[in-house]
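Before I ask anything, let me first share the structure, which is written out below as structure tokens.
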């Protein structure tokens, strides 16, 4: 297995919340990250769709990982925006993120989130945001 | 207990993911919503802070609830953006959302997310987004 | 000339502010819009680069046009976000917008803004937003 | 006149595009900036309202100025999002920006844009974004 993917899987496994959600890093190389989340009943909202918070988590975390692929592992998402496109119902969420532009301390990235249902993928959310090396974002590292 | 708060608590309890995260609706009236999430180990990332995905969930869901307080219960978050301000460490997250402007089918809302640590609140994220009545967003309701 | 492009050029010519900025619609078809703005001294800021407000205008307007290509001409930009990637210096700005997803009353679109300098294009900003049919956004149409 | 306001007025006057738009800095202190733009025919779109690009310019520039009030004058807007709330018609746009949080190299700020019509102000757009010291954003300073 590729070194970066191996390191990424370890990082994801060390995030308790990612373990709770059941996220898997299914692709990771320089400028590219893919997170897959099997859809379980506990990830849903009251109408039977995947909760928006899960989709946001997927986008946010895929953005962080892809930013880390060019900036190094000590990164955080500084900010992002997301547009939800359709309700997500199916067997898995797949978040795919790419780097649009990277500087020395920050990268601007995009992530598309798909839902897999009966073997067919549909785009269910799109996002765009900034990933920063820790200590270089607007975050105070208290 | 206030009727709207009671209805909101039922709605939140019917979201499996909100139950998984442990969110509580601690304030709900026309144009105002407050979600509180006790910080547990399973909500954290690898550096011991609350995972950004939890903060996003809190903002997203508080935005949806506050939008629903003026538009009625059948609403979704169409889109939002969030800026993270500082790492969140403490005993609880508190997301407070207000309505900036509402039309017939959509509302623009803001949400500030605080972390409570040793009795002191710190602002850890700010967000802004659009909540839409179901069937009135850009979402296809497949 | 293609009908949609012809109609788009007329719409742009009827926007006083677009005339003031000097924007030209250089591509327009279903799901695709391209605005070009020759860079003149009056579009700059104090360090000799194109003012961010011009880049925002370009993104915003290209988003509106591309949304209109699928929703019909009576549309407005409801919201968008933009990330600036590098200072823009050169001879022209080129904003290229596409539709990511469209429903009955709204469309989610993306726009990339390039600067042309000595024959070479560089990406200088990326944006993402929602375009709505008039009367269907969160806007009150007072 | 206050020193910061005086310096800010000089900075604004050195932006050709701000002169073209007719923007005035009408308030400027640490953590606070107000830009006023008299509404002239050349700032409009085809339906007689202020062009969204002007509102975006106002928000973007007020955000930059308010960020500069805490970070120093060499700043740029890295990114922002804006929601339009209602069509703007009247005699002036007034953009008021505040600092939500500032670190060493970046600040997260909000800006509300009002339109003044017959002596009455209405909120017509809300925005939120990140301002960075030059050399500290994701921008390459080519």
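Per-chain residue numbering starts at 1, and chain names A, B, C and D are given in the order in which the chains are listed.
The working rule: a residue touches a chain if its C-beta (ideal position, glycine included) is under 8 Å from a C-beta of that chain, and two chains touch if they have at least 3 such contacts.
Nothing here was measured: the structure is a model prediction, and the numbers come from that model.
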Equivalent interface to B-D, taken from A-C, A-B or B-C so that over half of the residue contact pairs match: A-C
Most widely separated chain from chain B, with each centre as the mean of CA atoms: C
Distance from chain C to chain A - Cα centre to Cα centre, in angstrom: 28
For chain C paired with chain D, centre-to-centre distance based on mean C-alpha positions, whole Å: 20
Centre-of-Cα separation between chain D and chain A, whole angstrom: 32
Touching two or more other chains - residues of chain C: 78-79, 81, 83, 85-86, 101, 108, 130, 137-140
Touching residues (chain side chain C, partner chain A) in the complex: 81, 83, 85-86, 100-101, 108, 110, 123, 126-130
Chain C-touching residues of chain D, taken from the complex the two chains share: 11, 14-21, 41-46, 51-54, 56-57, 60-61, 64, 76-87, 89, 122, 137-142
Chain B residues touching chain C - in the complex, by the definition given at the top: 78-79, 81, 101-103, 105-108, 130, 132, 136-140
